[in-house]
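After this come two complexes, each holding chain A, first together with chain B and then together with chain C.
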Partner chain A sequence: MRETPPRYLDPVAGLAAGLGVLALLLPWLELKSSRIAPGEPFHVWDWQGFGALALLILWAGVARAQGPAQVGLLGLALLAWGLLTGQGADALLSGQPESARVSPAGGFWLTLLALYVGYFAAYRQGGWILLTVLLGLALLLGLGAFERLGPLMEFQSWREQFFTELWRHLSLSGSAVLLAVAVGVPLGVLAAGNPRMGWVLGVTGFLQTIPSLALFGLLLPLLAAISQGLRLEIALGAIVLGMFAFRLLWAVSGWLAVSLALSLGLLALAMAGAWLNSLLGPDPLRIVLGAPLQESGVRGIGAAPAVLALTLYALLPLVLNTYTGLRGVPEDARDAGRGMGMSPEQLFWRVELPLALPLILEGIRSAASLTIGITTVAALIGAGGLGFFILRGVEGGAPDMVLLGAVPIILLALLVDSALRFASMALRRRVGI
Partner chain B sequence: MIRFENVVKRYGDFEALKGVRLEVAEGQLVTLLGPSGCGKTTLLRTVNRLIEPSEGTVFIGEQDVRQLDEVELRRGIGYVIQSIGLFPHMSVLENVMVVPRLLGWSKEKREARAREMLALVGLEPQTFAGRFPRELSGGQAQRVGLARALAADPPVLLMDEPFGAVDPPTRERLQDEFLRLQSELKKTVLFVTHDLEEAVRISDRICLMNSGRVEQYDTPEVLLRSPKTPFVRDFLGPSRTLLRLSRIPLNDLIEPLGTHRPAVSIKRSATARDAFSLLLANGIRSLAVTDEGGQVVGLVRLESLLTAASEEEP
Partner chain C sequence: MKSVFAFLIALGLGLALAQKGPITVGSKIDTEGAVLCQMVKILLEANGFRVNDRCSTGTTDVVRKALTSGEIDLYPEYTGTALGVFFKNDPSAQAVTRDAAKGFARVKELDAKNNIVWLNPAPANNTWAIAVPRTLAQQNNLRTMADFARWVNGGAQVRLAASQEFVDRDDALKAFERVYGFKLKPEQLVILPGGNTTQTQQAAARGTGGVNAAMAYGTDGGIAALGLVALTDPRGAVAVYQPAITVRKAVFDRFPELATLINPVFATLDEATLSQLNAEVAVSGKNPAEVARAYLRSKNFIR
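Let's turn to the complex of A and B:
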C-alpha cells in the first residue's frame, strides 16, 4: 500500500484559486463602438452563467487537488478561460456594426495571472504541466478563441507591419546582446585578471543607473553631430589607429589611454550596432565609403543610438557575471593546472573559462531578457520594434494596439529567459556546480 | 637528482627560506617535515618554479631549473596537492589525461595510459573513467590525483600533503599503497607533510625544517635516535622511541621457540611497535610469532625490544 501524503492546502495553489475566483467578480470583456471609443463592461455571467459556475468549481478543485489531478484541472481552467472569452466576444459582437470592438478587461487578465500562479503550484509535476499548458494554448488558438478580441483584430489589420516590427525588435535586441557579449565578456576577463581594471565594474554599474530615455537623449545629439561630420573611412581609420595609439599611451598615462579607448570604443560600437542590426534585421545594409557616416546608416536617430544604448545596458550583467565566474574558480584547480604545466592561455581556455561558463551564460540570460524589455523604448528614437505599436496605441488612444505590442514583448522575454535558463541548468549539471 | 643550493625566498622583509641546502638522491622518497609556516611548501614549489627563489639555485639532475622553460619543466614533474585540485568539469579519465594531452600524445595512447594509471592506483577503469570528481570519495579523489601526476611517467613527483584531507584509516591505506607503488616505480619524490607519523612511515629520509631552515636531514631511524637540536627533540616529542620501533620490522627480532610457548601471538609482518603495544596490553614478556599461514615460527621477547629501542648505538 502506498502511503497517501497528508492533505494540506498548498498556499500557491490557494493563491491561484483565490485570484481566479476574484477574477470572476470583475468585468471580463469590454464592448466598444469603435477601436478608440470608451468601453462598456460585461461579466462572464452576462453571457454564460453556467460557464462562470463551472470555472468557480474548477478553481475550488485546483486549490484542493494534488499531483496529476491538479494539472488536469488547471488545463481545464485554461480551456474554460479561452472558450468563455471567445464565446463572449461572439455574443457581444452579434448585431453590432463592423467598427465595434471587444477588448479583454480585468477579469480576463486576472484569470491569466491566476493560471500563471497555478502553473507554479503544479511546477513539481515537471514536464506534464508544461505539456498541458502548451496543448491547451494550441487548442485555444486552433479553435480561434481569441480571434474576435480587439488586439487580434488589430493584428489582422497590421499583420505585415507586425511581423516586420517583431523582426526589428529581435534584430535590435539580438545585436545589442551579441555586441554586449563580445565586449562584456573580455572586459569581465580583464577585470577579474587585473586589479587595476576594477573600475570596469564601476563604470558598467553606473551605466545601468542612467534612465534609458536620458541615455538616448545624450547619445542623439552626439551621434547626430558625428554622423554628419565624420566620413566613414576616417572613422574606420581612427579606430584602427586608436588601437595602436592605445598601446603607446598606456605606457605614458593610463587615464589618457582609457579615455581614448572609451570614446573610440563607443564610436566603434555605434557603427557595429547599426550594421549588425541591418545584417540581422529587415532593413538593408548599406556601407558607403567616402561619405559621412549617416549614409552608412549610422545616424543620430534610428538603430545606431538604439543598439548602442541597449548594448551599454546589457554590459553590466555580462561583465559582472564573467568577473564573478572567473573569481569563483577554485584556487586549487588553478594551482593544479599551473603545476601540471599549463601555459596561462591553456589554463584560461581549459580550466578557468569552462568553470566560469555557467555563470557567464546566466549573465547572457539576464542581459537578453532585460534587453528585450528595454528595446521597447527604441521606437521612441525611430528604431522601430514592437514598441512602435505601444507608442502608436498610446498616441491614438487605442488600448488594443498597445496590447498588440506589449503582449508579444512579454512572451518573447519569457521564452528567451526560459530557453537560456534551461541551457545554463544543463551546463551547470554537466560542470557540477 | 634534486639539489637545492643556498635557496633563499624573501617576501618583503620576511624570509620564508633562509638559505636551504638539500640533496635528494634519485629514487628516494624525502619528506619535508615541519610546523606550518616553516617553509616546506615554499621549498617544494621552487622545484617546479611555481615560486622563484630570491637567491640560490635549484637543480634537477645537473640542470638549473631556471634555464628550462617553466611550462616544459612542469610537464615533466608530477604534482599532487592537498586539496587534489581535480578539475570539476572534467571526468576522471579526462583529468588523468591532462598532462599527456598537454604533451600532445595521440588520443589512443593517452586514453590507454590513463586507464592503465587508474588500474595502477586501484581504481577499476570501467567503473571510474566516466565519473566526475564530485562523485568520488576523498580517498578515491586522492588516488585520481596520484594517477594524474603519474600519467606522463615523470621521474620526479612533488606531493604537498597529498593525504592531509582524508580520514586516518583511509590515509594509512593510501600510504601503504603509495609505498607499494613507489617500491615498483622508484620515482624521486619530494613529499611535504606536517604529520610526524606519516613522515616516519613512508620516508627514506626526512628533512625537518623550522622557520626557513633545515634543522636536520637524516633517515627516520637516525633522526629519531639522535635529534641534533633542541627544536628537533621538541618536535619529535617524548614518544619518538615508540615511533622508532615502528621502523623496526619484527622479523629481525625473532628468536627460536624454546620450551616456553607464549599464549598471545603476532604476525611476523608486524612492526616492533605493534609487538610492544601487544606486550603492554597483555602484561606479558613474550609473544609467539606466526607466519602468514598462522604457523608459529618463533617468539619475540620484551628484552630484545628494549635493546632495540635503547638509544645507544648497537
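Let's turn to the complex of A and C:
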C-alpha cells in the first residue's frame, strides 16, 4: 500500500494567514475631519462585508495551499488588500468636506505585514514570485487604489518638493557612503596591518555614539567660523601642506601627526562632502577661488555638516568589516602567496583584498542602508531630504505627512539593501568565492 | 561651439548683474515660520533679488545661531522670544515683555549690539493662550481666562498639556495664575517635550491621559479644526509675541530697500490673517509657498 505523504503545514504561511485574519479584526482605515484631527476607526466590513469574508477565505487558503496555488492566492489577497482600501477611502470620503482625510490604520498595515510574511514563505519557489508582487503593486497603483489615502493627498500638495527632497536624500546619503568608503576602507586596512593603529576602531566606534543633534550643535559654530574666516585656496593649500607635514611629523611624534591629520581631514571631508553632494544633488554650487569657503557652499548649516556627520556615522561598519575581513584571511593563504614569490604589495592586492572583499562589501551594504535611514536627521540642519516631511509632520501633528517621509525612506533602504546584496553576490561569483 | 559658450557666459554674467543678492532666507520649522519665510522669499524674488531658500532651517537655537554666524541673512522671529530667551539675563528686557510697543523698541535697541536689525513687526500677537474643547467651554461657560480661574478654583478636574517653557517662564502660566488668581497643582500639568502646540492641542482634543486643556498660540491655525476654543486674556497677563523679520546688519546696509519691501506686507498681517494662512497650511495641508503666493497676489504685492 502506498502511503500518502503527511500533509505538510508550512509554519511561515500559517503565521502569514494568522496575521491576515487578525488584521481583519482591527480597524482598517481612519476617517479624520482634517489632517490633524483625531480619527474615527472603520473596519473592512463597515463598507464591504463581502470583502472581509473574501479575505478570510483567501488567508485560509494561503495557509493550506502549496506551490503556484499559494502564490495565486497571495496575489489575490494582495489585490484585495489594495482594492478594498481604495473602495473604503472612496466610501468614507463621499459627502465629506474637502479637508477630510482617510488614513491607513492597524488592519491595513498588519495585512501588509501578513503579505510580506506570506511572500517570504512562497519565495523559495523561485525568483519569479517577486515579479508577481511587482505586477500586483503596479496594477493597484494603475487602478489608483491608494490615490485618496492621506499620505498620497499630502504627496499631491507637496509633489514638486517631494521629488527634490527625494533627490536630496539620495545625494546626501550617496555622498556620505562614497566618502565613508574612500576613508573607511583605507583606515580599516591600516588598522589591520599596523598594531599601532588599533585606536582607529575605538574612535570610529565612539563617533557612532554621539547623538546627531549634539554633533550638529558642535559642527555649526565650528564650520561657520571656518567657512567665514578661511579662504578657499588657503584651505586647499593647508590640506596639501598638511599631507607633507604629516609625513615629517609621523617620524617625530605620532600623536601630533594624528591630531594634525584629524583636524585637516575633517576640513577636507566637509569640503568634499559639500561638493560631492552638490555634484550629485539638486542644489548646484559654484566653487569660488579667492573668497571665503562659505561662498563655495561649505557652511555651518546645510549639506556640509550633514554629509560630514553622516560620513562619520557610516565609518564604523566599513572600518570594522575591512579590519575583520583582512584579519580573517587564513595564514595558509598568505604563506602560499609568499611561497609563490609575491611581494607584500602583490600579496595584499591578489590574496588578502580579494579574500576580504565579501566582508568589505557587507560593510558597504550595512553602511548604505544605515545611512539612508539616518539621513533623516539632515532636515534638522536645513539640508533637506525626506526627513523634512517627517519633521514637519511631527511638528504639525499630521501623521500622513510623517508617512510621506517615512515610507519612501523604508522603501529606499530595502531597495538599496537588496541591490547591493545582489551586486555583492554577483561579484563574489566573479571572484570565485 | 566656442561662440555658444561665450554667449552662455555673457548671458549668465548679464543675469547675475541684473539680479541683486543673493539673500539667504531662513525660518523656524513651524507652520507660521514656513509661511512668513516663503512670503519674504517670493516678495524679494518678485523685486529682482536672487534668493537662497533655507526656509525651515531648524529650531530657535539653530536658526538664531545661523543668523548671528552669517549662515542666513534674515528670518522671522518673535519679540517675546527675543526678550525672553536671547536677553533673558537682561532685567530691562524682562520689564517690557508685556508691552508691544516698548518691547519692540527695547529688542530693536538690544539686538542692534549684535548687529541684527529688526524690521517692523506684524500687528499680531502670537502669544500663549489656553485652549479647551468647545463642548467643555460651553458646559462650563468658559470664554476668558477669568472664567478658567473660576472653573479651576471651583475644583474642576483640569489637566493642562503644555511645554516646559510655558510652565517655567515668569510671564507665561505663572503670569496667568498670578493675574487671574488660580493655581494648577503639579499633577494637573502634563509636560510635553518640545513644546509644540499642535501636540498639546491634539492631546486636549483627544482627551489623551485625561488632558482637557492645552497650551496654544494666538495665531495657531488648528485650534478651530480640532474642536477647541482659545480663552481670551482681557487683562494682558502674558508676554507679547509679535512676528518681525530680523536681518543681519551687513545685509541690511547693503539692501536698505528690504525695509520698504517687507514692512508694508507685514503691516497687513494681523492675527485673523495669520491664523487663516496658518490654517490653510496646518489644516488643509496646502504648501506654504502656494499659500504665501496667493496671499501676496490677493493684496497686490506681487503680480
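Throughout what follows, the second predicted complex is superposed on the first by the 420 of 433 C-alpha atoms of A that agree within 3 Å, B and C clash if a C-alpha of one lies under 4 Å from a C-alpha of the other, contacts with A are read in each partner's own complex, and residues count from 1 in each chain.
What we mean here is this: contacts are C-beta pairs under 8 Å (C-beta built on N, C-alpha and C of every residue); 3 or more make two chains touch, one makes a residue touch a chain.
Small disclaimer: the values here were computed from a predicted structure and weren't measured.
When the two complexes are overlaid, the chain among chain B and chain C that reaches more residues of chain A is C.
In the superposed model, A:345 makes contact with neither chain B nor chain C. Once the two complexes are overlaid on the shared chain, A:228 sits against chain C while remaining clear of chain B.
In the superposition on chain A, A:355 makes contact with chain B only, not with chain C. Every residue of chain C that touches chain A in the complex is listed here, in rising order: 26, 29-31, 34, 54, 56-59, 61-62, 65-66, 69-72, 196, 198-199, 201-202, 205-206, 222, 225-227, 281-287, 290. The residues of chain B lying in touch with chain A in their complex are 48, 50, 71-77, 79, 81, 83-89, 98-99, 102, 132-134, 148, 158. Residue ranges on chain A touching chain C, taken from their complex, read 33-38, 98-99, 101, 153-154, 157-158, 161, 216-217, 220-221, 224-225, 228, 294, 299-302, 379-382, 388, 391-392, 394-398, 400-401.
Residue ranges of chain A in contact with chain B, taken from their complex: 330, 332-333, 335-343, 346, 350-351, 354-355, 430-433.
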